[in-house]
Structures are given as structure tokens and as C-alpha cells.
Amino acid sequence: MQNTIYQKLLSRRVIFSLIFLLLLAAPLFMSDFRLNLLGKFLAFAILAIGLDLLWGYTGVLSLGHGIFFGIGAYCMAMYLKLEATGGTLPDFMAWSGMSELPLIWLPFQYPIIAILLGILIPAVVALFIGYLTFRNRISGVYFTILSQALVLVVVTLFVGSQNLTGGTSGLTNFKTLFGFQVNSASTQTAFYLITVVVLGLVFFACRKLIKGRFGKILVGIRDGENRMRFLGYNPSAYKTFIYTLSGGIAGLAGMLFVLQVGIISPTMIGIIPSIEMVLWVALGGRGTLIGPIIGAVLVNAAKTGFSESYPDIWTYFLGLLFVLVVVFLPKGITGLFEKWSDRRKKQDVSSSVEVEKSYS
Amino acid sequence: MFGLNEIIITLFNGISLGSILLLIALGLAITFGLMNVINMAHGELIMVGAYITYVIQNLFVNYAPPEYFDLYFIISIPVALIVAAGIGMLLEVSLIRHLYKRPLDSLLATWGIGLILQQTARSIFGAPNVGVTSPSFLTGGLEVGTLFLPYSRLFILGLSIVCLFSIFYYFYRTASGRRIRAVMQNRQMAECLGVSTRKVDMLTFAIGSGFAGVAGCALTLLGAIGPTIGTSYIIDAFMVVVVGGVGALFGAVTGAFGIGILNTVFEYVTNATLGKVLIFVVIIAFLQWRPSGLVMSRSRSLD
Amino acid sequence: MSIKGLEAGYEESMVIREIDMEVEENQVICVMGRNGVGKTTLLKTIIGILHPKEGSIHYQSEDITKARSSSRAQKGMGYVPQGREIFPKLTVYENLLIGLEAGKQKKIDEKIYDYFPILKDFAKRNGGDLSGGQQQQLAIARALVAHPSFLLLDEPTEGIQPNIVQEIQDVIIDIKNTSATSMILVEQNLDFVKSVADYLYVIDHGSVVYKNPIDQVEDDEVYRYLSV
Amino acid sequence: ADNAVNATDPEEAEETETTEESESNEETNGDTIKVGVLHSLSGTMAISETSVQQAELLAIEEINENGGVLGKQLEPVVEDGASDWPTFAEKANKLLQQDEVATIFGGWTSASRKAMLPVVEEHNGLLFYPVQYEGMEDSPNIFYTGAAPNQQIVPAVDWLLENRGDSFFLLGSDYVFPRTANAAIRAQLDNEGAELVGEEYTPLGHTDYNTVIAKIRNENPDVIFNTLNGDSNVAFFKQLQDAGITSDDITVLSVSVAEEEIKGIGADVIEGHLTSWNYYQTTDTPENEEFVANYQAKYGEDEVTADPIEAGYFGVYLWAKAVEEAGTTDVDEVREAAKGISFDAPNGTVTIDGDNQHVYKTVRIGEVQSGGMISELWHSEEPVKPDPYLDEYDWASDLSESLAE
Amino acid sequence: MSQAVLKLKKVIVDFSGFKAINQLDFTVQSKSVHFVIGPNGAGKTTLLDVVCGKTKATTGEIKLQEKKELSKLTEDQIVHQGISRKFQAPTIFHNLTVKDNLEIAMKQKKNLFSMIKAKWTNEQKKKVNDMLDLVGLKEEQDQLAGSLAHGQKQWMEIAMVLMQEPDIVLLDEPIAGMSKKERNKTGELITKIAKDHAVLIVEHDMDFVKEYADIVSVMHEGQLLYEGSMEEVQNDPTVREVYLGRKVEENVVN
């Protein structure tokens, strides 16, 4: 028994490393356009890992991760925009009657600060919201719906503050980063590789976090928050921490997104993308760390594929995909794998107990 | 700054917005509040109601004598109810029933359903908005002094109250309603006591969906009818239910009118964008005070 | 009721195996056994919450192995689950009304309130607010209002104050005497069992290891099965 | 297969900038020329954009029936922008890099155009953008076939001041087009000594106009200059009518409401209000008669045509003509050849202005009729030269100065 | 007997008008097995709820060791004050193994940052192993807790309570659903615990109470009806009337 577990672990490690190497080698055999798409998907995958920490492990479903993603992306974009306009005011500010750079844009003249803020601001926003909601034991669907309303508000705010954010159009038309042409093929390849490395780092950091006792506590909070209080834990603190962490990770993902896609706009942080983010996790398999990565890549690949092949009716397929996966693969794709390998191993009775999870 | 007149008209507008919110949230208060199904396709069921109204209007234009035209709207309401309920029932049988134990999953699956329904509408009716002409008895309004209260608004207010009371009566005063509540609280035990939970589930989801249809019908008086009509209302509907307290019908009423009035006031003194932001701040503050909505249901169980 | 070769469990783990049981009209069968041997699982299978992998259940000479719980209830089976399973947000009165779903009568028999007077006092309170013991009483009452012809009781005295335990015992005896109701009763308390049962089964590891009419039961023997 | 082709050519992105490379691409395309058609077919913008897409496909079909371009058939590659600007960028990238299309016809919102702009510039592609917009832009890789502000908004304000009164209420959706347009209108009103009594913005998709209407009622303007976009128009006009305010009380002039939108609003609701465009379905030219007939024959008798639909339609012809002129689909040569090219479009003769790649168009102000058609009240003497930066107007000098940077 | 560890003064718990606990004064002595009995609905569970912070007292004060006021603390803070609670229905973590359940219950620093760094120490391993032995769940240690039988779950929950090494142990009907033999084992365990801790138990099984109680409090309608040894309690006529009934009476006579 002990032995097989060890073997499993070992083989898993091998598989992970193989995938990682394959991703690193992708520039050798993929076209620029496809590589760029894959890089975008992997940025999404980073976010999905953070979201899964929150949902799969801690049982908090956020339909509002778009805003953290967005804030990170905007931070990066603000720097890129300033870099592109080279000292003059960005065009949308001029149209909105501004005469000088607003205060909150000032720090974003410096790339390092912009990058740091791209992680910090979303994390702090999450910390603030998390503190206010979890402290008061707003949980389950209440939190979920609230997080969704939050998206609505943030988007409204971003759209409404056109002089600061570029409004509906968002920020685009970038030129350079650290002096490199952001749109050139070689820079894009570099961005892709950075994304792969960041993904790997985030993955292993999160894995380390949840493999220990900490992870068990998260599961405890997911399955019986109140019970954890009577064991002496303060679930609010844990939830707030994970929320903050996943907010920061989302911000990081947003930055990588902007670098590769070259635009961020409120449509990318709104209700619909926020829900889709959750779908990546669900589809890949929540409560596993590899699941969200698979989910993010597959859903987006499917989305791109469907829409390229059937531009006028592709949403049928996407909708159907969601429905089928949720109904028939409640544990996502990784759940399918698990079932499959379980069946092959025909383990003893103990593992076969199906326990109903109730996440709310 | 404010004259009495302004206060009254703002109040009326707030109540009117509240009644719209209530109407779109009532069905959701059933499917989400009672059944715990996070039905993201609720907005698309509203869309179904709106398109039904459009279709019936066109039937009247093409086949009925013009003097009967206004009747189309009266007929649309029950038809929208029935068709939306039918679609709801179909959804329940094919999909929702697999998801009762997984409320958050229901969110995802119904999101997919929403996508499919939207695309279906686009395929059938085309992507552009379609036009519905309000019946003549609902154009114009009631003039009270300097106030002007549009009939369409008054009608929606009345309709939402009628819907509310029929739902309340049904759920809290009839045996069938009691069965529904029992099943929603403990499906397995209700089954063991002889309640056919399959029937009850189907019926309940159908009722919730049906009221979405009615809301869609009413919304044709106010706004655009297109494939994405649902998305503009769905968040508001959920907010109403959450502020009111999930599972509490009366909470939904207070939630709807509370949000409606506050939103109108905020929007009046600031602008539409800021109004939206302010209302959210108020809701967060409110939930600090009442974390599980206005009508809290204390339960002794641990989780 | 006749049960033949019943096997049931959760997912892939079989909890009960090859259980045969005959219950005649107006007979009270008692099931005893240590924790986790499958008593609850047996009752759940009989009422239809669990579906057996093997074997059959016949009730009033009808095969109900595949029937839904609700139709079993409609056929006159009543169930008092372990853990009470009260509808928490229905009032006590409404809980009882749901109990009526399975029967033909439309009104609650006042006799219920004679058995459990607190139910009348608390009629308007939410079921979920009752104390553990109060809920247990409500659960029994809820099963009784429909006048079931076959009653499944899973540890009905768990968590009940002694004088009410006594009353429940009386109620069971009363039902046995005044109607033709058959019962399967799961209990831990041998004294209680002896005072109401006609027949005793002891289950261990999912199978019947001992059965005897109650008058032939020897305490020591039973205790031996009940201990390890 | 596409992947495989591209894999052999990793530096392709850079090389497309050189002419030789583009020509060699052309050869691999064989007997057809691929053109991209990129509009929102799903999401909220689909309500407007699908019809433009239809018109462009109609034009492509017509051109193909007449022998194609340079003797080759056009092969439309349709993509869905999904009402999401990053998706527009992605798909534009895909069309240029993967499909190597000769040009893209697409976009509706200014935001979608701004998303595609860096992509077409980076890969030296072409974009034909068919919708009226706020101006302040002239990318060498974009042809703007909709109206510039001086071809729609400025003359509309002039006309209103002359004919309807001088107290204005500005109502718009909260994004770049209405905000920028209104900045120009403010300057213009200021210059004319007219009165601005209110300015309100509502989020895109806003559906409750009670409060805005209450504000309008308080201010009682002569004119509401309406730059609302999309669904909001339906809600606004329905609720305006419910509030008992008719076109006799206050004139609403809209710049984003055309025949198509009127269908969704209901003609009786908006009857008597005004619009400003370059084209109406009722525009009386032989080209238009044919266009409407063909469009309805293909897409149904109930379908209407409208300004952006027409602009999408003639954009395809303008491109085709420029390609014929250039004798190649090479972007730089087409751009050069396009300068000054004219085409007899349904709205009249349109000419590409070589300075800014916008087109000369006739301005028309019309009134909505009970049947949903718009009848022209006024039109400019001749096609107006496009002036995206409003350079010709003194009152706009502040504005364009700050914007030109 | 030694000093009082827990003292309730004039505590009222009001559920929208219904006083589940009404002006209750209540004291728990250290190192004693203190049983609370009383009719269904007397307020016993509510008493435990109030002590462990699950329910907030409407008025009154609850003091630990004469100084610490509990009613202001949150549930988890109360746990760290040394009060642990087992609930009436087993509430355990179904998706964790038996061992994991004990691991997270174990006494340790339970704030966020200590937990991120937490590692098994040898001492901790031993503690968990000993506890598994004690409650006889050694073989099941790697099973998911959800797959245990009702009785085993009860055991595991007691183990979880003990892992917290509390000063005061609150048990709500710990032997419900246990067989005779297991009851005895539980009883012995309780006696063992009470060597260093105070144990407050709600129970309906009179035989069990009789065997293990140091002090018995009888609650009725939210108030203390009687307090004393089991013998005294059994002989009190009011207690007999409202609670015990005739059978126990017979037993007592026998």
C-alpha cells in the first residue's frame, strides 16, 4: 500500500515534469500565433490555480475573480501605455479633458513598481473585501452572489472613470517593455516562456501549501466551517488569506495576459469572463491543482476552436460542453482520470466511499 | 434642493423599479431561494417570456382584427407563464435533477443552458432586437397634479403584487406548497413519507421558471427584446434574493423595494454609474449587519 | 413482509449481506447489533433509500424491490429514521401534515397529541428549533399520523428522557395492540426490546447471526453477540 | 495543416512587413483571395453587428458573381468578435497571421476598432471600419467608411440650432464615442451661444431611464442629443413615451439609431424623432434601390438596411476597386491606389480622402416615420470632406489640439 | 471537591421570546464528572451552546477560573481558553481520514501563520497514535471518516475533543447509539479524563449517569431544578415526576 502510493507520486512527478518540458519546448514547433494563444491560456491557468485554492480546497466560490485579474492587467497596461506614449498624456485622457497625468498613474511609470503593484493591489483589494465579508460569516451563495455583484460594480466604475481607465475601450496600443518591442515575435516568445515558468512556480508553491496540515484545515473549513471554530480555528482568517492569495495570483495572471494579448478592457474582467474562470476549474477538476490548468487550457482551446470553425453558432457547443461536463463529470477531467485509474487498480473497499460534498 | 414633487416622483420611480426587480426576482426566489438551484438561465427564461410576447403580438397583427390587437398582451402573460414553465420543466427533467446536491455546480450548468438558449433565440429570431408595441391601454399615464404616473409602470407594480400574493398563498397555504417546502428541506425524508419528490421538484422548478416568463412579458413594456435581455437583469435578480435572505419570500419583497428606492435616489442625486456603485456599498454594509439577508432563518444545525 | 437474500451497501462496499427476514402481520421484529453492523442500512434498504444489489423485498405479496420510497410509503410503510430528519423550517404542525401524505386521512388524529403532548404546545414552532428529544418525538408522531401498516423504527429512544422512553414503549405496545401494524424496531436496549418485541434478530457484520422468538431469547447469548 | 505551414516560418510575423513576403503569400492562396469578416456574432453587440456582416458578405458575393477581384474569387473568412475587445484583437491576429487575409472588414464599437488597431498596424494589415465614430484617429492601416464627427454630429447640431431651439440636453452611453462626441458638441454649443442644460451618461446596457427622464423633465430642454448605444435606446424611447413626452414636446436627435434599431424600439414609440446619418433605406438613388432589393432578397423581406450596413457594404467595393487599381492585394500598394478612389454607393458617391483614409459622404437628417422608415428632412449640398480632428472648426481648436498629441 | 472552574451567573438565553435558559446559576468544579440531566427541551444543549460560544447569552455572565469572561469571546478563542465540545450529532470531517481529523483537532498553535509552517513532531505523532489506540480506531486511521459507522464517529469525535487537551470537556449525549460494552468503555474513558479535567456531560441514560457521576444537575424549563449526587437526585420527588418516570423508580426500589 505504502509502496504504491510512493510509486504513484513518483510517476506523477515524472508526468508533471514532462508536461513542463513540453511546454517549454513549444516555441520550437508552434506558430507564433498559436504560441501566443497558448501563452494566453497558460496565463489563465495561473489564475485558475488560485481560484481552485479558494473554491476546490476552501469551498469559497468567487464569481468575481475577473476584477483581480483585471487590476493586475491594468497595472501592467498602465505602465505599457505610459511607455508607449513616451511622456505625453495617453490619448483617452486628453479626450476626457485631463491636462496632466493623474496621481494614481504616477507610480506606473516605473516597470518594477508596476509589476509589484500588479500583484499587491489585487491582493489588498481581496484582503479588504475578504476581511469584510468573511469576518461577518457571509459565506456560501451569499458570498458568491456578492462577488458577482462586485464585478458589476468594478466594471461600472472602470467604464465610468474613462479619464483614468480608458473606459470601455480599455488600454491598448502598447510599444515597448524594458526597451523591447512588445509585439515582436521574439519578445512574445520570451513572454510565453516567462508565463510557463511562472505557472510552474505558482503550481509548486500552491502544491506545497496544500499538501501539509494547512491543506487539511482548508478542507475542514470547506466541509464544516463552524465545526472548525470549535476546534479552535478562526476560519475567517484562513478564508481571507486564501482569498488574498488567489487575488494576488489572479493579478499576476492578468499581467502576463496583457503582455501577450496587448489589450485589457472591462469586457475581460466582467461577469462573463469571471464565470468562465470558474468553469475552467470545474471542467478541469476542482480540488486538484493540475485540474485547473487542464481546464483553463482545454476550455479556452475549445472556445477558440469552436469559434474559428463555427463562428456563428459556436456558443451552442460551448454551452453544451459546460452542461455535459458538469452533469456527467462532476469531478471534472481529472476526476475521470482518477476513476479510470481507480478502476484499474480495483482498490480495497475503503477508498470507494462516496461522500457527498456540499460546498455551500 | 428637493421639492415635495421631486421626492414623490423619486419615491414612485423607486417603487416602480422595485416592482420590476421583484418581478424578475420572484421566480428566482423559488428556484434559487427554495430549491437552492443557482439558475443562471433565469435571465434566458425571462427572454423566453419576452419573445413569447413578441410572437403572440405578431400572430395578432397577422391573424386578428386590429381592434382586438391589445388583447395580445393579456393573452401573452399566461402563455409566457406556461411556455417558460414548460421549458423549466424540461430543464429540470433533463438536467437540474442531477444537481440538487451540488448547488454551485447548478450555476455552471445553467450558465451553459443560458448560452444555448441565447443562441437559439438568435437562430430563430435573428440577432437584432425585435419590437413589441405596448397595448394602447398601457400607453399614457395617470396625471395626479403635476405628477405623471405611467400606466405601464402601474401595471407592472400591480402585476408584481398579484404574482407575489399568488406565490405566497400557494407556498404557505396549500398542501401542494407545503409538500414543496418539505421536499426542498429534506428530499429523502419527504420521499420516505410518501411525497413524490420527482413530481414536486419538477413542479417547483416549473413554477419558478414560469414566473420568469411572466417577468419577461412585462419587461417588453420597458426595454429591448433581444437574445441578451436576460444578462441585463440576472445580477439584479440575484442581489434581490440575497439581500432579502435566501429562502425567504418576504425578504425578496423588502430587498426589491429597498434596492429599487435606494438606487433611484442615488441615481437621482448622482448619476447612473455612481448610483450603481453606491447601492453596492450599501448592500455590503447591510450584509455586515445581516450576513444572511434581511430575513434570517436561524437553524440549530451546525452547518 | 418478506425479505430474501438482501445485499446492499454504499457504492462498492456491501454493508449487509444475505439477509432473510419474515415479518407477519401485527408482529414486532427487533433488530439488535453493535455499532456499524448495518442495522440502519437494512432499514434504509427496506424503505427504499438504498437499492439492493441482490435479493428481493416483498410487501403484502407484492415485489417492491424496485419501488420508490414514496410508493412504499403510500403502500403503508412508515419510517422513523436515525437522526430524526425533521423538516427544520416547517412548523411542527406542518411536519405532521407532511406525515399525512402517505395515508388516506386528511386530518391529524388527536390521539397523537395524547401520545406526545408537547407537539401541541409547540405546534407553531419550527421543527428545526426543537431540542433533540423533542425532534425525536416529532419524528415518531410524523410516522404515526398516517396510520402505517408497517413501521420501521431506527433507535427511537435515542436521546429521549427516561419517562418519555417509557411512553414511547407504551405507544408501541398500544399500536401493536390496537391495530394490525407490523414493525421492525432497531434498539440497543434489551429490556426495552423484551417488553415490545415478538421476535429478535441480531446482526453482525451485515448478516443475521442470531434469531429467536422473544420468549426463547436468552440474555447472555444476546449479550455475547453484542459484545466483541 | 495551417500549423504545419506556419511552423516552417517562425519569423513570418516580422517578414510580412516587407512587400516581397506579402506577394509570395498571395501565391500560396491560389485562385482565391481571402478576406476577413470580423464582427460580433454573439454577445450584446451581435444585435447590431450581424447585419453589417450580412451586408459585407452580400458585397463579397456580388463581387464574386461579377468575376471577383483581379480575376480571383474572394473567400470570406468569418470570425466572431464576441462583443469582447481582446477577442477582436485575437481574431484580427488570427486572420492576419494564420489566414493571411488581404483585408479585414469589421468592428462596430470604437473599442473594438481600438483593439484591432495595434494588430493591423503591427502586421501591416488592412481594416475597413464601417461605423460612425468620434474621430481623432487616422491609422494608415484603417479605412473609415462611417461618418467622421463633422459628417454627422456637427451638421446635426447646426441644423437643430437653426430649426429646433437652443437648449440642449446631452444623453449618452458611458464610453469613448459619446463622451468625445459630447465634448465636441459642448464646444460647438458654447461657440454658438446655445445653452447646455444637462449631460447624463448611463452604463452600456442600462435599462431604467425613469430617473434620467425625471431630470430631463426638470430641465425641459428643446433638444435631447442622444448618443446612447445599443439596447439602452429601446428602454429610453419606450420610457420617454410612457412618461408622456412626445416629439412635439422635446426633439430627440439620435446618432446611433438607424432603421435596424427602430425595429427593436417600435416605430410608433420613436415616430417624429430625428436622426443624423449619411444613408437611409429611403435614400433615393438607383444604387440604393438595387442594394435594398438585393439585401432583402438575400436576407428576407422584413430586413431593413441602415447606415452602418451600407457603409460595410460599400467598404468592400471600395477595397475591391483599390485592389483592381493597384493590381495587387499588397497593403502598401492598395493604400496608395485607394487615394481618391470613388464609388457610387447607395448613399451617393463616396470618395476616399487620401489624407486620412476616411470617405467623403453626404450628411442627411431625417425624421422617423410610423412605418419605421426615416424620411429625409435635409441633406448636405454635396459629399462632405471628412475631418476627423475637426481641424476646420475654430471652436474645436482647443479640443483637437489636446487630442492631436 | 476543589475550586470552581466555570461559573455561570444569571444567564438568560432568549430565542425570540422563548427563554431556553432562564436566570441560570451554574457552577462546574474542577476534576469532576458533572452530569446534566433533565427533560427534553429543558435547555441542556443550550447550556453547552452558551458555554462554548455557539449561542450568545442574552444576559448574564460566564466566567472561567473566576476571571475570564467567556461571553465576549468567539468560538475559537473559547477553545483556546480550554473548553472543548462534542456535539449531539457527530460532526466530523467526512473527506478527511480519521488520522487527519485528529491531526487538525490536536492542540497546537492554530493561527494562520503557524499552520502554514506546521510539521509533524514526534511528540505529536505519538499523541495521535495513543489516541487512536485509546478509542480503538487504529485500523481505521487511513479511512475517510465519512465511512465510519455512527458509533465509530462518536468515538472519533470524543477523540478529537481530547486531542485538544482541554480543561473542561463538554459532551452532549456521548453514548447515544452505543452498545453496552462501548458505553462502559466510554465511561471508563470519562473517569480517566476527569482525573485532570472537568467533564460536563448531558445524558439521558440513567444507568450510565448513576455509574459515573460525581455531581448531577437536573435542569427543567431553563433552570436548575436540583443538584446533588445521583442518589439524592433519584430520591427527589419533583425530579421523579418531571423526568425519571416510573421505571427508574422501580430500579431505585430494587
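Chains here go by letter, A, B, C, D and E, matching the order in which they are written, and residues are numbered from 1 within each.
We adopt the following convention: a contact is a pair of C-beta atoms (placed from the backbone, for glycine too) under 8 Å apart; a residue touches a chain by one contact, two chains touch by 3 or more.
Remember, predicted model here, so these are calculated numbers, not experimental data.
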Labels of chains that are neighbours to chain B and to chain E: A, C
Result of counting contacting C-beta pairs for A-B and A-E, higher pair: A-B
Chain whose mean Cα position lies farthest from chain A: C
Per Cα centroids, the chain farthest from chain B: E
Cα-centroid distance, chain D relative to chain E, in whole angstrom: 74
Chain centre separation in whole Å, for chain D relative to chain A (CA means): 35
For chain C paired with chain E, centre-to-centre distance based on mean C-alpha positions, whole Å: 29
Interchain centroid distance [CA atoms averaged], chain A/chain C, Å: 51
Sequence positions of chain E contacting 2 or more other chains: 15, 87, 89, 91, 147
Of all residues in chain C, the ones touching two or more other chains: 10, 13, 129
Multi-chain contact sites of chain D, meaning residues that touch two or more partners: 41-43, 174, 201, 203
Parts of chain A lying in touch with chain D, wherever the complex brings them together: 27, 29-34, 36-37, 40, 88-89, 91-92, 94-97, 99, 156, 159-160, 162, 166-170, 172-174, 183-185, 261-265, 267-268, 272-273, 304, 307-308, 311-312, 314-315
In the complex, chain D residues that touch chain A: 2-3, 6-7, 9-14, 41-43, 78-80, 82-86, 89-90, 93-94, 97-98, 109-111, 114-115, 117-119, 122, 134, 136, 174-176, 179-180, 183, 201, 203-204, 402-403, 405
Complex contact set, residues of chain B against chain D: 6, 9-10, 13, 16-17, 20, 118-119, 122, 126-134, 139-141, 148, 150-153, 221-229, 231-233, 264, 267-268, 271-273, 275-276
Residues of chain C defined as touching chain B within the complex: 47-49, 68-70, 73-74, 79, 81, 85-90, 94-95, 97-99, 101-103, 128-129, 142-143, 146
In the complex with chain A, residue positions of chain E that touch it: 52-54, 74-76, 79-80, 84-85, 87, 91-96, 100, 103-105, 110-112, 115-116, 118-119, 142-144, 146-147, 160, 164
